[in-house]
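Chain nomenclature is as follows: A, B, C and D, assigned in order of appearance, with residue numbering initiated at 1 for each chain independently.
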């Protein structure tokens, strides 16, 4: 009887249910409405970057006025964010009437996004992307970058184009599809108190690691892989041996020497080489907390900002290995589907201005190396740049230049990461 | 049976997005859509990814972490619920405190895990202050460790609050009457707990336990922050493949996504099957 | 048939696949009180819910007032249904609960408040309007629910076991309130109960629901004195069944031969029922019956006796209760004899 | 002995609940705080001053997350209530099938769901938008809240609704005057749960929002990944506090309801 009455009673509630279902329908409808407002806001296709680049700069400036530039960039460092949001953005607004909208995303995410946008056939959502190396190569290979445009920027003449580190991005010619923004060089980070006599070469480092088991490691991402790549240069004939594009045989020979070195050293790594910090920030934390005695950075000046932020101890210093350390530049690209290439070009040009480059170089701001040929600047600017680099923790420019090694084809980097994940990270 | 059709249709609406995701992932996994589109569909990618030992190690490892944290959190919840159920001040304070982590996002738990459980974290520093250790290396590795101890502890801490709440409401509902019956039938307090309280609680906690298990199995943030580099927790491996610079490997992620959803579906299906087999488990 | 009230005709309701109630026809006049009695699970509640429109019916009609409401939803039927423990809306105060139906009908607020006060006074809770339902005792909640039901001015009031869930001490409180309200507002009252005493106490007529049909509908006195069938008699708890036959105006059975009471026309093989209070035991050392045991009840003490192989329950005089094993004589009042056809 | 053990256990429970918040609070203002220091040797308030002055994105992200959480809670409840009711009215295997179906979006790993839905969301114009992320958050939320309402409504006492019907209320009136008011505590709890699911969500926001929907957890995740512990701790505290306040408020409200039903 009970069951029957329950069943029966429910049928009389059908109308009740209709009401609640209507409530649900309303909600779904509201959502659909919300979605359609975005889905239907398709504007006419913007002009591609190459077309805009062909215009007079004044026309580019007037096209850019009053627009918003969406800039996809790495947003993980408050110093960089502050530079972009609080120094760059207001100046862009005041001088060019451009609203800068920076949002997070790096390397693979940018590729992923553009690939996905192309697959979905929707208009682009980024005007400017912060890229280099393998990201640039992948984007170029997939035809996801607009251009050429970089050589049309008024400030492009100031760029230190004689430097191979700037004129070549991982052996590739930027070809006007990206504009240089900053220049950095790999450095080990050590503590002058804990390790007053740090190793200066890979050979010395290996000895040091064996003598101090558990005190060294590298991260699993870009920085750690750069470290391995330098190791490959050092043990297999220098950077010259790997120039001229990717070659499987040379890679095999070179990487074999890397695995050899690692097989010998890694049992003396932190945690016996069985675990690696996920990212370089985690490595910094291990270093600061004395779990390991070395950290590393792709930016020789990072130690300056990180000490200032209190993340690294005040006695931390950068160190260049005499086998040579990789120097590279980072660039700004404009996606093929960027809605506002004119605005993006104006931003890229402003970021190349001596003013913006100097501000970025200052240790209390970011300490990111300049891509300008400082010697060609007026003396007033030369003095300012010299003063900015005079921080006691900074490495002298001549030793940076002496040990700088260029990047080679991005494929080496990719293969090394892939094989490291499969061979080393997964254990012997 | 119009009514049941409606009920199932309503459930279908809620489940539909998963279906959309599964269909897209399946199409991408066999190459019908996606970047590295080969000529037509092919199961090669699925076969290659599923043949990777790393994938299965990640899967097993994630299953281990999910089981261990669920059991740990469940056992702690069971004990706490049984001990602090009275009306006293201590009981009430313990109850209020125990549910505090309930609304805390996983991410915050992960941040805390890093700050507290790392070898140079606060736990290690406390050990140093007590002169138990000399250096971070002497502290047992709880973060990035092969057994995922820190990860398990963090997740168990987070989910404990949820399970203890479930346990308390089950006890409040019918615990006392059953226990009184057991006591008058001659059971000692210990026997009462073992034979009456614990089984009643366990059955009430089964659905919550399954939910916790599947949450943890799929949870990303804590695993990404505290998990080891080998094997990578399954969700972390999925994202690593999805954002691989090599566009060809990007679609591997879809195979892993299907694997993850499949495991979740298995857990859910098993749970509903168990509940239909033993309806009294519904409490 | 009077206008108003409730008329149920040929009602059939299925329980799942099997028909549960069939051929249910009865009426309750305005101001009349009818109690449906039946065993647990006999479908009493379903019958009530069907009248209220909460359970669909297979066949039959329900007329409330003079409207056929068979196809109408519950809210349009003019029949208020109260559960065994009536549910007060927990989110409303006592006054708001009583005002519920009035507010639905947009009765002017002043009038609503006046009416609420009247009804609360009528159930003896004049100061309870601002109280929360949870602060009320069980009997008070019942009374508020009754007031709330009457506020809807129903033609028919449907009560499911109205007193069963209450302590004996509270039953009078609620019953008085109920009868008072009914006297004043005169709805037709249909209640179901498994308690015969409650039915007899509250109802003008009692309907006996057996095996899915109404076996008998009659005023309590008539029902108890003249059950229509052996099934009804057994349901009413009548004991002392003796098989026998009627021959030339006399009922002959193992206990002897008795004149058929006046007004009963019966013949052939029958079952006779001698109500317990129609047999007296008289202590007698040489009596024809032997005492098997003594049964004490609130209503009085009775004695289980055996005579000629027939076991009977008989009334004992309070002054001299015989003991087991003693012999007694039986004095039977044949005018109280009930004669019913045997169940095939 | 027994009471001492209880005291110890209570201490552990209370400490394990309270200590983490203390750690976050200290961490958010810790200047130099390195092994083996138990407490920071210097105080550095930049995470908070920068946040208050608008120098970090934590403030705007907090507002963004609040809006997203509230919308998810409200819409999720509106959808889940009728779905939960429909499933609660099923019986036998259909019931288990229905419950399993709504359980699936809850159980499916968000990363897996996100990878599968990223392109779909983009092609319908929802990728990287507030609405898209809202819809993404609604996936696990409606599942979870449907289960929640299945649980509530399976033991739901329908007598009040029946009596309201016979007292003259039509289905809409029963819904608005009886059912919804009676379910109000559950509805509030459901909205709060929905808020929480959205509030802590990382993978779905990451994949469907494509970094363009700056929620608080994403900002915190970014700070954690870049080793900015002070900012991460400040953000984590911002992330932990509103739900805690909500929990406290819910408890207070529940206590109110016990005394003065409305």
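The definition used in the following text is that a contact is a pair of C-beta atoms (placed from the backbone, for glycine too) under 8 Å apart; a residue touches a chain by one contact, two chains touch by 3 or more.
Predicted model, so just to flag it, every value in this text is computed and none were measured.
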Fill in: Remotest chain, subunit A as reference, centres from CA atoms
C
Response to the item:
Chain with Cα centroid nearest the overall Cα mean is chain D
Practice prompt. Could you put a whole-Å number on the gap between the CA centroids of subunit B and subunit C?
Written response: 58
Worksheet, complete the sentence: Note: subunit D sits from subunit B at a C-alpha centroid distance in Å of 17
Worksheet, complete the sentence: Between the Cα centroids of subunit A and subunit B the separation in whole angstrom comes to 34
Worksheet, complete the sentence: Residues in subunit A with touches to at least two other chains are numbered 9-12, 15, 17, 21, 109, 119, 278, 285, 289-291
Discussion item. Give me the residue numbers in subunit D that touch at least two other chains, ranges are fine.
Written reply: 34-35, 79, 82-83, 86, 89, 119, 135, 162, 165, 170-171, 229
Worksheet item: Residues of subunit C that touch two or more other chains: which are they?
Response: 49, 53-54, 73-74
Worksheet entry | Complex contacts: residues of subunit D adjacent to subunit C | 157, 159-160, 162-171, 173, 177-178, 181-182, 184, 260-262
Practice prompt. Would you tell me which residues of subunit C are touching subunit D in their complex?
Written response: 49, 52-54, 73-77, 79-83, 86-87, 89-92, 100-101, 104-105, 132-134, 145, 148-149, 152, 154, 158
Response to the item:
subunit A residues touching subunit B in their complex are 10-11, 17, 21, 107-109, 111-112, 115, 119, 134-135, 138, 142, 214, 220, 271, 274-278, 285-286, 289-291, 414, 417-418, 422, 425-427
Fill in: subunit D residues touching subunit B - in the complex, by the definition given at the top
6-7, 9-10, 13-14, 16-18, 20, 23-24, 27, 34-38, 79-80, 82-83, 86-87, 89-94, 96-113, 115-117, 119-120, 135, 139, 142-143, 146, 196, 199-200, 202-203, 217, 220-221, 224, 229, 232-233, 236, 239-240, 243-244, 246-247
Worksheet entry | Touching residues (chain side subunit B, partner subunit A) in the complex | 3, 6, 10, 33-35, 54, 118-120, 135-137, 141, 144-146, 224-225, 228-231, 242-247, 250
